[in-house]
Amino acid sequence: MQKKLIEILNEIMMEVTQHQSTGEVATYIPELTSIPPDKFGIHLYAVTGDNYGLGDNLEKFSIQSIAKVLTLSLAFNLEGDNLWNHVGVEPSGNSFNSLVQLEYEKGIPRNPLINAGAIVICDILISRLKNPKLEFISYVQKIACNNNINYNSKIVESERNHGYRNSALINLMKSFGNIENKIDDVLDLYFHVCSIEMSCEELSKTFLLFANNGKIPSTEEKIMSTSQSKRINAIMQTCGFYDEAGDFSFRVGLPGKSGVGGGIVAIHPNKYTVAVWSPRLNKKGNSSRGIKALELLTTKTELSIF
Amino acid sequence: MQKKLIEILNEIMMEVTQHQSTGEVATYIPELTSIPPDKFGIHLYAVTGDNYGLGDNLEKFSIQSIAKVLTLSLAFNLEGDNLWNHVGVEPSGNSFNSLVQLEYEKGIPRNPLINAGAIVICDILISRLKNPKLEFISYVQKIACNNNINYNSKIVESERNHGYRNSALINLMKSFGNIENKIDDVLDLYFHVCSIEMSCEELSKTFLLFANNGKIPSTEEKIMSTSQSKRINAIMQTCGFYDEAGDFSFRVGLPGKSGVGGGIVAIHPNKYTVAVWSPRLNKKGNSSRGIKALELLTTKTELSIF
Amino acid sequence: MQKKLIEILNEIMMEVTQHQSTGEVATYIPELTSIPPDKFGIHLYAVTGDNYGLGDNLEKFSIQSIAKVLTLSLAFNLEGDNLWNHVGVEPSGNSFNSLVQLEYEKGIPRNPLINAGAIVICDILISRLKNPKLEFISYVQKIACNNNINYNSKIVESERNHGYRNSALINLMKSFGNIENKIDDVLDLYFHVCSIEMSCEELSKTFLLFANNGKIPSTEEKIMSTSQSKRINAIMQTCGFYDEAGDFSFRVGLPGKSGVGGGIVAIHPNKYTVAVWSPRLNKKGNSSRGIKALELLTTKTELSIF
Amino acid sequence: MQKKLIEILNEIMMEVTQHQSTGEVATYIPELTSIPPDKFGIHLYAVTGDNYGLGDNLEKFSIQSIAKVLTLSLAFNLEGDNLWNHVGVEPSGNSFNSLVQLEYEKGIPRNPLINAGAIVICDILISRLKNPKLEFISYVQKIACNNNINYNSKIVESERNHGYRNSALINLMKSFGNIENKIDDVLDLYFHVCSIEMSCEELSKTFLLFANNGKIPSTEEKIMSTSQSKRINAIMQTCGFYDEAGDFSFRVGLPGKSGVGGGIVAIHPNKYTVAVWSPRLNKKGNSSRGIKALELLTTKTELSIF
């Protein structure tokens, strides 16, 4: 890896960790509440295979909603453009009206990266796969080149016990006919998806295929078409950060996806992926230090997709 | 210009014009209604100066909302990041709730490319400039390298006579204290901005500075910082197509801006700008053939920002 | 009963049945779809015991949401004014935003006569009663002076199989902490409440206590305080007809409650109750002929609460 | 007047004034801010002509929105049921979404007692009357039997200078074609209507015709039909207190109308009218002590319309 880039990553680490981090860790399930709030890791993976990380970059954390990109990619592959009859590709506006939008738009979620959309994607995976939970984690292990990635069953249970809002969403969609399978089965897969754990190193490596036009760099296996890979990046760009997608695009200028566990992954097409982890979240539910670190990265390198 | 690219533009022209165009022309002011609906022009300008166009690419049309990017760029330059106290950078969700969002968010428009946001930008220009209408059109002429670009006074009058919804927006914002100047003065500038006319050739040339990190290629004049230029592209990417921004990003993969006159301009950073014009609009208010042409362009070249 | 009033009821019957009835019967469960759509019954019960009815006034039908007044009255009695910490007394505005209001108002339904509010009432009954289903139907039988009133188990099953939207509502409220008991238990009681059947004669007799300051006229048993009885009438007046409460108040001028089975009951305090049944519903979900009949009644008698 | 009722009014006065009043006076125009906040007056007028008041019952105050009932009654008389093509009779739900409802319902306000609806009524009066301001105040003087009632020009000016939200409403309605006359003319009449001043004695006397089936008791002049009078009462019942209409109906049980000046008038059909004035407002914008006083009145008399 270029010396220059390594220097920049070290500078970023110094800058973001020298001040007390602000924001609060996610509290809706106990497993997230107990994480030491001042953890910080960053790892950058180039499509060439070069990679570098520092801080808590090798420690596993709950990637949460970041996994929605992975369910989307598998479903897009299996279902093709028929997918877009069940879910849109538009940003969702502010979070306050999540349910009203779903009601107004007759049970079709705005995009596959909000909860309602990811639930629809899980419904489609169940219709398409014989053993959805097993086949999905195998898919993740393949693109991660790592059999050590798995669901966390304690988090699955916690999600299930705090899933009333997700139950509201799926029941509303079912009332509009946009859910095919049994509600309990769909939510079971959805809660498993949310429970996957990775380190920053693993997360950045797993997402490399989106920086490489759908091909896993190390194995050269083509997982999806160039067009599909680009389109998933486009969805991350406009929909990856809830009601902060515009701000992330404005400040960082890369497609990416965040999770309430404090992780963020971003993609510089044809160049690299980068994963950061810092559990304290800003008011919009995205990692405060994570966004700051990525803003510094594209500012210092003077490179973004724009 | 590369032979290959010229061939592609010719193919696109053939493909989009061989079928009857669908959709309707904008009807809210008579000047737009009377435009021959099957006009089609396209013009591509490389940052190197190479350029090529065909169809009705030299005919002037009303660029309408596309000019909002130009007011934004001037105001961003004058006001710096203080601008973001008055207007956000988030996509607006569906058009139906434009007023409720403005009410819920206390008179701060979601972004500078929706009507409410562009009106706020006009208010800021009036506060900053001695002769706002004159200075703004001079700025446009400078970045267009063309003194032949101007307001159309008939369209100004028409906008004024059909501007009740814009009056509703500005009065609501004024009630929240987010408009400093007199309502009539701000709307007068806003209606002038909406009335600018350009051809596809002129439009693509005018936007070159956004593909060139803020510098006019032909004169080498630096109009804004690299960061500001990239950030304006980021805003176009997430907010340039009303409630179709996600879909445009998904299908075309370039930042851009549309207008109800049937024009669209898109930017491939560091490479080129491209302008298309075709008056029939889809249900979301964007040029049907224009979006199709740009989708073909990035598909055939296999190049987008993703 | 006065001759004059009997004449008026006969005239009303003639007038409303001479034209083809408009509107459609409720279709969301098969049991309602199969009802002959042109049934019409009306029955008026004076607090003196005098009563008169005609048409299909002795045929049982599904009173559906009308039963929400009965759950409310029992819960108000058991819980007192503490009830209003869990549910409001304001009309709900248009039906389109039922979920957004519930979200915006943190899971507190606007009133006890919309679905969300009636579900909260069922939750409270479960907390208060040992055997809620049995005790509730006993209460209804007591105020109806009729042991022949009961749940319809086929309708319970149908409601359960089409209850996704109600599941969405209760899950959303549970996520806000406004549901104490198990979701399945609460919905089970709610679906039973919706399944009660009565004839017009039975319905008008059952509601007599609300015209009589909380006392059953025939048994002289005081079921609730005068104030509670008046307040339930007030809630019916402002909230009894979904998004048509204002129009019913305007045209009829009496407190009342409708159900999607085509029934309506109205109360003239200190004078009488009247029940009508006609299955075809207008666009707001209320019986077309039923509203017409009641409008004729207060117009011809020149008596309303206003 | 009955001794008993006089005693009750004295008791009410004592009870509501013995505690420090809560809430704040209206602040949106300076003329209201400067009113001594602890004023309290009450006056009851029987249809027989008997009347009794105490406290500041003879002091004039700004009746504000209470005058919307008077514009409604004049327009209903002039326009008949055609009025309901321009404005509805349904309660408006919560105030937060006033603009979205107007947008969603295509510029037709929910009822004539919210600002948007009263503006539409003013538009209709302008279309119908030669000299609307003069003819309207003459109408008010006639039903008040009092030539001493008039507009307050200082309040007119203040309203005009703080009327941005009302301008937003009228412009939105004009964009939907629901305003016929010039915006400035309509707002001028509207601001005049809002500026009328009366004492509690005058206010209760003015509203007597609504308690008397449309006839002025002292002159026996029939101003409107019995049906129209009842229907205006019905609208007051469901729409007279913004987002507190249900609560007022629940607690007081009479039709009425409030104004931000701290006045409330209520009607007991065929019996009496009562006006109270106390400037401190609760969070919903209605007089705190005023509502309390009326709740005590119907509780102590054990008489309401329910």
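Letters A, B, C and D mark the chains as written, and numbering starts fresh at 1 in each.
In this section, contacts are C-beta pairs under 8 Å (C-beta built on N, C-alpha and C of every residue); 3 or more make two chains touch, one makes a residue touch a chain.
It should be emphasised that the depicted structure is a prediction, and the values quoted were computed from it without experimental measurement.
With steps allowed only between chains in touch, the distance from chain B over to chain C comes to 2. The greater number of contacting C-beta pairs, out of the two interfaces A-B and A-C, is seen for A-B.
Distance from chain B peaks, on a Cα-centroid basis, for C. With centres set at the average Cα position, the gap from chain A to chain C is 48 Å.
Averaged C-alpha coordinates put the centre of chain A at 31 Å from the centre of chain B.
Residue positions of chain C touching 2 or more other chains: 96-97, 104.
Contacts between chains close into a ring here, every chain touching precisely two others.
Interface note: chains touch in the pairs A-B, A-C, B-D, C-D. On chain A, the positions that touch chain C within their shared complex are 96-100, 103-104, 164-165, 167-169, 171-172, 174-175.
Taken in their complex, chain B has these residues touching chain A: 88-94, 96-97, 101, 104-105, 110-111, 226-227, 229-231, 233-235, 237-239, 243-247, 249-250, 253, 255, 269, 299, 302, 304-306.
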